[in-house]
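Just so it is clear, A, B, C and D label the chains in written order, and each chain counts residues from 1 on its own.
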Amino acid sequence: MNTINISFKLNGKDMKMEIKPQLLLLDMLREELGLTGTKNGCGEGDCGACTVLFDGKPICSCLALAVNADGHEITTVEGLGSEEKLDPLQQAFIDEGAVQCGFCTPGMLLSAKALLNKNNDPSDAEIKRAISGNLCRCTGYTKIVKAIKKAAKMKEV
Amino acid sequence: MDFVYHNPRNLEQLFNIVNGTGNCTLFAGGTDLLVKMKKKLIEPENIVDLKGIDDLKGIVPEGEFLNIKPLVTHDEIENSEIIKKKAYVIAEAAAQVGSPQIRNMGTVGGNIGNASPAADIVPALLVLDAKVEMQSIQGQEEKELLSVFKGPGQLSIKKGQVISNIKARVLAEQEGAAFMKSGQRKALAISVINGAVWLKVNGNKIEDVRIALGAVAPTPIRLFDVEKWLIGREANEDVFKKAGEMAKEVVKPIDDIRSSAEYRKTVSAAIVYNGLKTALQRIGGLSQ
Amino acid sequence: MVENRVVGKSVKKIDAKEKVLGTALYAADIKKKEMLYGKILTSNITHGILKSINTEKAKAVKGVHAVLTGEDVPGLNSTGMIIRDEPVIVKKGDKIRKIGDTLAIIAAETEEIAENALKMIEVEIEELTPVFCPYEAMKEGAPQVHEKGNILSVRKIIKGDVEDTFSKCAAVVEGTFKTGIQEHAYIEPEAGIAEVVGDVINVWCCTQNPHMDRKEIAANLNVGLQKVRVIQTTTGGGFGGKLDESVQIHLALLAKATNKPVKMVYSREESIIYTGKRHPITMKYKTGCDAQGMLLAMECEIVADTGAYASYGPGVATRCAVHATGPYYVPNVKITAFCIYTNNPRSGAFRGFGVPQVALAHESQLDMLAEKIGITPYEIRIKNALRPNMKTATDQLLEQSVGITKTLEAAKTRAEQLLKIRL
Amino acid sequence: MKKKGVGIANMWYGIGNTGLPNPASAYVELLDDGTAIVLTGCADIGQGSDTILAQIAAEELGIDMDDVALISADTGVTPDAGKTSASRQTYISGNAVRFAAREAKGVVIDEAARLLSVDPEKITLRNKILTAEGTEKSISLLDCLNECRKQGKLTLGHGSFNPEVIALNSETGEGKPYACYGFATQVAEVEVDTETGDITVLRMVCAHDVGKAVNPSNVEGQIEGGVSNGLGYCLTEEIVVENGVIKNTDLATYLIPTSLDVPEIESIIVEDPEMTGPFMAKGVGEPALIPTPAAIANAIYDAVGVRVTELPVKKETLLFKMLKKEVS
């Protein structure tokens, strides 16, 4: 089987990979790179659990080919913050009780991150719209919206 | 999934691949294509990825038209200053597609290429008198957007042809437009029925009008009879209401998992009526 | 009283940090050396007899380590939370009762190999007439889903005399209410991984009850409970849907057969087809009250379609019956709740266990009565709400912590403020 | 035209299995340094039982949340706590953990009583200090544990709880199906579009009697999530089955609420203490969803005069019913 060499930025680091062109971005992240923070909830772009940032914009990694990362920048939840230094969004999600089962959380955080990067004072309506591609079955979204609003006002933790 | 991957960098390479290779499937945003592949509804032999071709990207004004290249995403349309100013009805439609993720991935060319009767962007383009430019190794051809749809998932396009541009007429003074959608929920919803309206008034009179509906027939449609009836009449609520009633009589939708045909018929009246009303309001013709 | 230090405080969830970091391990995130992937061959007919199954070709596929059929289940080959009525793998000669019944399971080196090998299993099924409507299924002569008949359970609650009381009511309302089938739709589809270490079978999986899983695995592998260890992985929602067995027993069988770690992750489609749903229920209600709106009698017949297997069906139907009056004092009650087998998808536990269904009925009936009597929906509720030292339909004396009048008042006050209305 | 309506619905919900035994158990070990390990079979599926049970243990042991490590749902290590279902874990496993903690605590209390020469009943443990009530005498938990170890005493506890129920009579249903019940009232405000049948839930006001909210934020989370789940059940969620075959097997055709579908949710926690519950708590997980469809259905009637008799309320069914009634 043919392989293709790609180079891209992953969570701020330069990466080079040799991959099969059929490989999905989600599978490259989870299976080849062990970045299992990105989840597979439906595989068809209906739930948003697999959301990653592609050049800063949220996309469904389950519907993207890994080759398309070539020359671009990918951010996953692992690139958002670390044990020592949480992203304000991550801190706000903990503080506000915005996490229940947690399966939608990584994708939700990334959609929120993309919003806050372009709008540091979003309204509730703007927040709800920004996360409307991320299904959550546990929280009813209420505390998630609050957490994002709070994070917008927080300085780096 | 098992396919040969092609990654042309320009149109010439693209045409060489499309002509020199067996069955080719064009890959733009991937939001529909990959779903179909995963469901094994299609099993393409050759995937031709268009994302490396810069000639297929960008929004360029040209006189009375806007050139919207096929790889422009729904998100780019929604946020394009020029579209928001001169062809806002397309931005309005793009904003209602799927979810932020899908809008960042899905493209206008892909939305047309899928030939889904429920595509949101299509009715908006149709009421802006959109043309499609098809390019192939033999040259270029321009068609009315409406004429390229043959049926669900079927496009009237010759082998080797690629959609290379979509031209939409900009809105002028005294021209208003609106996009309407009825989905089963407020995001991530495929339209149960959608529609767009474009209206040009002269004083109180309707000088010209275009109405398009989606998900009421095997392809998106224009309501030519209703448009003809409206031209020359006064632009007011009663006339719009009547136009809605007429729309209900001309559409021939089907039952599916999203809705019954009867519902689509009934709601087409509301879509047309509210569309006309909103379009007129936007040119200051009716109080809000 | 001393004030609590921790209880009553909104402390941060202890698992939140690993979840926001993406480091929490869900079953699908676990990888083991030499791990195999499990897949299931399921029935695409609703009712029949498995006449023959030939797995030779599938077994011969390179990369396939095991193909198991019903014959290969060393233990009971049955599961079920209340009644053992569901085969783990339908055995040759046995019955298929719904779409998605397991006919064979496979472990292979990749998911793709497993999927391709599944297609090579040859199956012969004798189709039987199915029954899909629970009312049809209750009739004599209907196709029998299980040998013991289609009426799985009947729960009766009888108090006082409804017939006599209805004739004395100032207002009586009647209605039939139907509810649809709901899917749990947790965002994490079912997943697990099993590995035999020494003589202990370890199963890591998403679940709502690892101890029940252990019991089911042990019974079907015919080993002692001490030889099975079930470890719940971070679970991406359950809502009742992860109470029944999904991947657990299949994984344990495959791990034992191959002596390698085996992982199984349901696709969304598999999750929807294979797992339980919320019971669709039809409720015929009749409720009467006096001229002041005090409830006097309620009669209802509840029919729950549990599909092909019991799962939590009898429990759901019983809960419907017990909760059928709503939180109100009703002196005369006649409730019958049936749980019926059909060849529909299996219904099971789902957040609320039948109570959301009856709530639609009794709450609609209360509004209907209030309208007839000429009082508000709030008034009829506060008048009839249970209070301490009142008895329920099952004659249970409620002694304390009966907060319904308080919730009514609190909701009314806040709603009136927020919505600027009078309730 | 858009019409607004308001509906109200009540619910009750028996906590635990219906008229059947459903025990839970737990182990607690108070360690040398005053921290503790709790072992419970209770499966946290995201609703937060790990946190709730750790809170209960910390409270009972008079130590901080950070001092508690909780290991749950591993049959190799943890004792059986029954199912995470029937809204039973706060009430039943909560009691089991509390009793286990109490037993472990009993060892240090006895030791403190011996050291301080008072009756064990007089000893309280709070903030890691054992105090003899009505005296100035006290000893730190750490010192007391140290003394225990010198005596060769480990500080272990086991607890189990089985709610008191009476099986239902098969003919009359008489019995005591549950030891306690949760109660709730929800009010829905909706808007119905009379031209399309579109139903928008604008606001939900939800008052829930939980006995005692062990973690108020968590209780709100359950209510908000339950309302969302109930809203979907009421309006858009339906598995379509034809001849035993499910027609919608993906999340593009099985529609759960998105962030744009869920309204403002006002949660009101009502605490009518449950005397048999751990710190007077009972459950909330399922109650959160139960009255939601009924409240929305009653609000739809209030808005347009059409009585909902089937779930989900399809907008097309509603539209045609409205047209028949000539709602305008």
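Just so we're on the same page, a contact is a pair of C-beta atoms (placed from the backbone, for glycine too) under 8 Å apart; a residue touches a chain by one contact, two chains touch by 3 or more.
Just so we're clear, the structure is a prediction, and the values are computed from it rather than from any experiment.
Minimum number of contact steps separating chain B from chain C: 2. Among the other chains, D has the CA centre that is most remote from the centre of chain B. Here C is the chain whose Cα centre lies closest to the centre of all protein Cα atoms. In this assembly, the C-alpha centroid of chain A lies 29 Å from the C-alpha centroid of chain B.
Separating the centre of chain C from that of chain D, both taken as means of CA atoms, is a distance of 18 Å.
Between chain A and chain C the centroid-to-centroid distance comes to 32 Å (mean Cα coordinates, whole Å). Annotation: 48 Å between the Cα-based centres of chain B and chain D.
Counting partner chains per residue, chain B shows two or more touched chains at residues 99, 186-188.
For chain D, residues touching at least two other chains, in rising order: 45-46, 48, 217-218, 226, 229, 248, 250-252, 256-260.
Contacts with at least two other chains are made by residues 10, 12-13, 15, 185, 235-237, 239, 268 of chain C. Chain contact topology: the protein chains form a pattern that is neither a line, a ring, a star nor a complete graph. Of all possible chain pairs, the ones that touch are A-B, A-C, A-D, B-D, C-D. Within the complex, the chain B residues that touch chain A are 1-5, 7, 27, 30-31, 34-35, 38-39, 47, 49, 51, 75, 98-102, 104-105, 186-188.
If you check the complex, the residues on chain D that touch chain A are 45-48, 217-218, 220-221, 223-229, 250-252, 256-260, 262, 265. Contact residues on chain B toward chain D in their complex (touch as defined above): 99, 182, 184-190, 257-260, 262-263, 266-267, 269-270, 273-274.
By the touch criterion given at the top, residues 30, 34-44, 46-47, 49, 76-78, 80-83, 86, 89-90, 93-95, 97, 99-106, 109, 135-138 of chain A touch chain C in their complex. Residues of chain A that touch chain B in their complex: 2, 4, 21-22, 24, 43-46, 48, 51, 54, 57-60, 62-65, 67-68, 111, 114, 129-130, 132-135.
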